[in-house]
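These are the structures, in structure tokens.
Look at the two complexes coming up: chain A is in both, with chain B in one and chain C in the other.
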Partner chain A sequence: MRRHLQWNIKQLTASYAEGQLSPRRLTELALEDAKNLKTLNAFVRLTPEKALQAAEDSLKRYQNKKPKGTLDGVTIAIKDNFCTEGIPTTCASKMLQDFVPPYDATVCSRLKKAGAVLLGKTNMDQFAMGAGTVDSLYGPTKNIWSEELDGDRWRIAGGSSGGSASAVAAGICYAAIGSDTGGSTRNPASYCGVVGLKPTYGLLSRHGLIPLVNSMDVPGIFARSISDCVDVLNTVAGPDTFDSTTIRKPYKNLTLPEIDQINLSTVRIGIPKEYHCEGLSPEVLETWSKVADLLECAGASVRQVSLPNTAASIFVYSILNQCEVASNMARYDGIEYGHRASDERSTEQLYAQSRAEGFNEVVKTRILTGNFFLLRKNYDHYFEKALRVRRLIAEDFLKVFVASQEDDRVDILLTPTTLTDAPLYKDFAGLTNRDQCAVQDFCTQPANMAGIPAVSIPIRLSQSGLPLSLQLMSNSLNEQLLLTVARWIEAQVEFDSLQHRLNLQSTL
Partner chain B sequence: MLRLLNKRFYCKFATKTKVRPEKLNFKQLTHPTKVPQTPVKAAFPNTSANEIELDPKSIQLLERLALVDLDSERALETLKSSIQFADKITHIQTDNVRPLYTVLEQQQLQLRNDLVTEGDCRGKVLSNAKVTDEDYFVSPPGNIPLEQ
Partner chain C sequence: MHYSIIRRLSTQPKLANIPKRKWKSVVGLEVHAQIASASKLFSGSGTSFGAPLNSSVAYFDASIPGTLPVVNRKCVESGIKTALALGCRVNEVSMFDRKHYFYADLPNGYQITQQRAALANNGIMTFPVITPGKKVYYKTAKLLQLQLEQDSGKSLHDDQLKRSLVDLNRAGLPLMELVFAPDLETGEEAASLVKELILILRRLQTCSCKMEEGALRVDANISINQEGDPMGVRTEVKNIGSVRSISQAITYEINRQLETVAEGGVITNETRSWDAENRRTVAMRDKEVLQDYRFMPEPNLPPLHVNLKPGSKSTEDLVSVAALSIEIPELPEDTRQRLVAQYSLKPETAIILVNEPILLDHFLSINRSLSEVPTKVVYNFLINDFLTYCNKLNLNVEDCSINAEDIRDILKNLHGENINLQAARQLIELLHNNPTIKVQELIDLHNLQQICNLEQIEALCQQAITNQPKAVQQYQKGKSKALFAIVGEVAKLSAQKANMKIVVECLEKLLKPPKK
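Then we have the complex of A and B:
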């Protein structure tokens, strides 16, 4: 039993400072665990040499009593759509299989600067287009909570950042970076029983994050506790000159109150009724009702609200996603980087052939559909229309967060994250990619439409022994209150993200 | 009997690091719940029978613009059903609603001065190209229409 896995980041770094545990030893153990848990397929690439070097440097800083900050020597994994200097960054696609970025994404450079130990790159759906981490060049990622990991009775990790969620859930690292366009951080966090934060759009730099849908993409954070999540957020958030879409307001580090200092009597919680959609499992409903009740018992005002345009969100999302994908994927032509086919008859021929070989079917169909919506004759009818409905969806949120009548306002929305616990791979793989996303992203993608922050927190286990999670959303830049309430709930439910390890030891 | 009880207690303490005072009962609520207990139905038109116009000429145009082939019957079906899926929002009233291009529309886009801030990185820029010649990217002959 690795006792240090039960620690949070503050306890871990305290043990470094006291010399009880060294970053080098911890990194060795983490790399060992990653290897032993290879069956999960959480990582597409480990970087042991760089990690051990970073750990060694960190150790020296602790020995000199000069650690860099809260994340010095802390093991972190990065989704494979964030550029990492000198380390292949593939988006789990054939197109970028050989791509070695000559620079670091801002999120990565800030983590490195803070002394974090980056263990490697994690698995994902190709170009982040999916909700299961089942469409990867490197094969699907498995959920560590599965009843069995062999055969075909294993559970998906969720997606598209399934590798990052899986790595944190398995205790291989303390935190991981994912991305979230329609729920790609919160969805796998929900299935894997870890915390998954989608920050306000523009709070974290997208520089070096290979774009999917520029107007919605945000880097996401996985951790086993809210407190760890805040430590990572404080390290990576804030304006960046390399990303003109970052919010220019200087970032002020969040400090959450201690549990017994949290006063919920002034907090207004909204339950958006439309989030009880068809297909919500009775267990998730029960969990949702209970946590709303707990908040009410603690003095929060809890009431039902309506976000009438939410149900349209999934259709709007599908249109905008495919349009932006069509535009973003135009950069892959095989000339400057990426897969290059051998057809040299003409430039156009080379482009077409490289793309035919480099993209999977999901990517290709989204490009084609996006181009259809963007045709001159369709542009207003689909693309602009979707953007207009997007405003209605965003305004629904504004109406409940900043209503003209004080009495009508709420501070936080409480909803499910996913509609069920993690599906079996064999059930999930039978659906089309669109149905996979339309069902699984129902509760998550409205937040991306509006750019507001949202966090998924694990609450309890289902009958099948799988994590059930809920989502909290707040108005833009209100992460302080969002995470304070999340922390309070975390303390009430006492979910143990690592409880599965005991069950798994026999199968390893 | 007492010994058995003792043993059981011992096991409990030995296997659990933290003893929880009480486990939450998820079936029991203190207040009338605000969470709707039945699904809120969303009314969207059934568009699965919508006629999607895709003649061979439009398909060729799409393929040329996308530089991706619509290479199978299944891909065509997926394209059609994606369009039908999108048709579900056409009835929503959006008169006088402006398109929302970015959620940061209240903020002015940051511009920087038009000055060179980095450079001297030719090697890095070319490092991922499969074919280069001296300091150039290499592409096959241009201005030849795609064979379709």
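Then we have the complex of A and C:
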């Protein structure tokens, strides 16, 4: 129906340049689709006026033959934990329900500068604490691949950036920005059948990203193809004076080789045995080994490697996460901004009441636990020890990527992203947030510990007709090779991210 | 352990018989010095004192979600310079930490400081201790740590409306915290340390040291113990707002502790504040609970690296300690030694001059421009007359409108015997009260010229001899001191304007016993 949705970003902007399609028209269609697909609950807020204005401006630039760049007129959605000037940024929480940032996150300002059309803000788990987009003030986001969207047989979108994944999967926008702390971009990408990139820590600025775990957070990118993902990456990556943890080296745009130019014979693929874990579904396992075979057949060297500290990762992640959460959430006291309770008997009472009302149980639990870990008497036993194990996990990766023996070295790790296809909401919601995250983040969060880049790409459909995805990881700043291999796999498996539309015709 | 000793001493009278041991007081200081910088430690907002409320507040200072700290290079450089001037070891890598506590004027719920790895450690300060009526001596205190940290905002409480208001202008201002070892014993020593620190920081221009603006804040840790015993339980006195208060507050607190123990009481670990008006320390209620600050590394700031290589240069990414060490000016103690060597001053004189930077400037510039006047006359006039006048009026020397040029003109007239010392002293007061009028004009206006005319003086002397027959008699009987009375009479008769040297000569001639 929407023929243009099958295009990639380059084709889209080419059609703008030729006058075949206008950014204005595309934006109107996108807003219309967003409305029609409201049942997905992908957006917490659409910004039609600003989007149409941006589209109008873009149109003029194309008419004047002076487009700003690769993303001019391209529709993009932003997770609601990125600050957007003048547009409420809520983190899907009551605490920030009325918070209107006075500034744009660097990621947003770079997208705007490149001419992108920001459609609105997408749903998420409150303060990004979750793996399902089920703990949102605005209700859960549904997976467009669900067997049915009404009743209780619908699938979760994954999380915490479920809204962004859902919006891209539904074809509402070409790309979306999420965040990834333990898998929050790759997990929903995996369930929703789209590409989800977690770049190297420090490659993208976190300025304006409301933090979950500062030392692991990275802005993530959702797209329907690797090529689109690279276009967005090239626009937003690079040093930022507002974020001291960005890599100072100037960013060089990635250009991926054409499919037929990709030579896998020099590429060494590692299959970490620890990722073959409890709870891994046979379908995912089968997908994993099929792609490994595919790579091997194409000339890549594929072999098993070991990342021995993988199993400890989830505990370390849990401790570090809760400590940073306890600290990061300390600013929400209802004084400068955010929810303020009516109880003003004393400053302490005002704090306590505002925080009690503004945070959900998940956030409160993590604050409490985190503060416990940070107590002077516990610090060494928990936080310090977790940091040490974190270093071991990072060293595991270094050992396989930069092994002293050339023969032991691999360039890319191939693993599952999630252990299964998207769970049913009714099954998932029955678990505690802790269990939800522990299971769902198993394969994704080690990359955050080490700061290395990772990408989830959809491979095929499960028996239930849901996307099954795999994850690729590489050494820090090796996005070039990571995405080249991903692109090669993408071309082989020919997964169609929009295939679900057929399924949905009856419900639309 | 110390508790039990005190308790036993106070509750078991038998022990009172054992020979009394001397009580010692132990004092340690923590100084917060606001780094002189155009922008804050981690944000770009301004730092000027007295700006309209909440007008110098970057989004980061108000903890707006998503904002990140970016360390101000100038502040790092100032911290390093200060550390070098205080003999510290600058650390190649230092780190920032979060210190958590809830307070309305702490928007983030934590302060960014340096707890685990400070910018610098192991410094030392040697400074002269000036106690009125006692001989000046030198004292040394170790500087344990110099760390960078951000300041908090200010809470303003309106008791009548039962409201608290917050001003965030101060939030995020750059501070150096200097933690000194408890190497001091008295309030005077503490005040002298701070005085010397102020001199150093001002020379380095790393802190304005305006205590009245809160640019330099001093907390003192104080305990007492008997000789040979381990250190006693300490109290912390906060909010000491002037150099004079430091001495007073600590002396008060030492005496309070001694009295408490003498009365059988026990010293508790508490925070007290200095009530300058009533001159006493009072317990601060809201600080009684022992806080657990739940320190955590600041994840948004990478470790702070500096280049320690000798001869290195600063680059865009890396500050060179060697390059900064070249920029360090002459320090106060070096100046004192130079003054002693170059002008043969007594060490005490050098201390007084250096301790009042304006006085030192005056001294040096007058010496340069008025080489005919002996050095001794210059510093004597500056210290005994000019400084004394300022002290009498309770006026800071730097706030006095009289400049070096004025003093030079006075000394020129004094040296040229155009005026006498009395007139010179009078001129200080006249200049202070008439800041727009020049010295020469004032001399004319107030008719201060010295009387040197021999005939005039002889006439005055004759008159004085007539007025003081008794003194004349005594003098002529050989009591030479009686001459002072006659000289005094001449001074009075001449309205303090006669040239006393000539008067004395004249009187001696006139009163010479007739030849037999």
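As a working rule, the second predicted complex is superposed on the first by the 508 of 508 C-alpha atoms of A that agree within 3 Å, B and C clash if a C-alpha of one lies under 4 Å from a C-alpha of the other, contacts with A are read in each partner's own complex, and residues count from 1 in each chain.
Here is the rule we use: a residue touches a chain if its C-beta (ideal position, glycine included) is under 8 Å from a C-beta of that chain, and two chains touch if they have at least 3 such contacts.
Keep in mind the model is a prediction, meaning the values are calculated, not measured.
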Query = So, does A:Ser327 touch the first partner chain B, the second partner chain C, both, or neither?
reply = second
Task = Figure out whether A:Tyr337 sits in contact with chain B (first) or chain C (second), or with both, or with neither.
result = both
Task = Check whether A:Ala450 is in contact with chain B, with chain C, with both or with neither, and answer first, second, both or neither.
result = first
Inquiry  = I'd like to know which partner A:Lys290 touches here: chain B for first, chain C for second, both or neither.
reply    = first
Query = chain A residues in contact: does chain B have more, or chain C?
reply = B
Message = With both complexes overlaid on chain A, does A:Arg248 touch chain B (first), chain C (second), both or neither?
response = both
Request  = Answer with first, second, both or neither: which of chain B and chain C does A:Cys83 touch in the superposed model?
outcome  = second
Request  = Using the touch definition from the top, say if A:Arg206 reaches chain B (first), chain C (second), both or neither.
outcome  = second
Task = Name the contact category of A:Tyr351: first (chain B only), second (chain C only), both, or neither.
result = both
Partner chain in contact with A:Tyr379 - chain B first, chain C second, else both or neither = second
Ask   = What residues on chain A does chain C touch that chain B touches too?
value = 99, 102-103, 215, 241, 244-245, 248, 326, 330, 333, 335-337, 347-348, 351, 371, 375
Note = The residues of chain A that touch chain B in their complex are 6, 98-100, 102-103, 201-202, 215, 241, 244-248, 271, 273-274, 276-278, 280, 285-290, 292-294, 296-297, 302-304, 309, 311-312, 315-316, 318-319, 322, 326, 330, 333-338, 340, 344-352, 355-356, 359, 361, 364-365, 367-373, 375, 381-382, 384-392, 394, 432, 434, 438, 450-451, 460, 476, 492-494
Request  = Over in the complex, which chain C residues touch chain A? Could you list them?
outcome  = 59, 62-71, 98, 100, 102, 104, 107-110, 164, 166, 292-296, 299-302, 317
Key: Interface residues, chain A side, partner chain C - complex   = 82-83, 89, 91, 96, 99, 101-103, 105, 206-211, 213-215, 241-245, 248, 323-324, 326-327, 329-331, 333, 335-337, 347-348, 351, 371, 374-376, 379, 383
Message = Touching residues of chain B toward chain A in the complex: what are they?
response = 17-18, 20, 24, 26-27, 29-31, 33-42, 44, 61-63, 65-71, 75, 78-79, 81-83, 85-86, 88-90, 92, 94, 97-104, 107, 109-112, 121, 124-125, 127-131, 137-142, 144-147
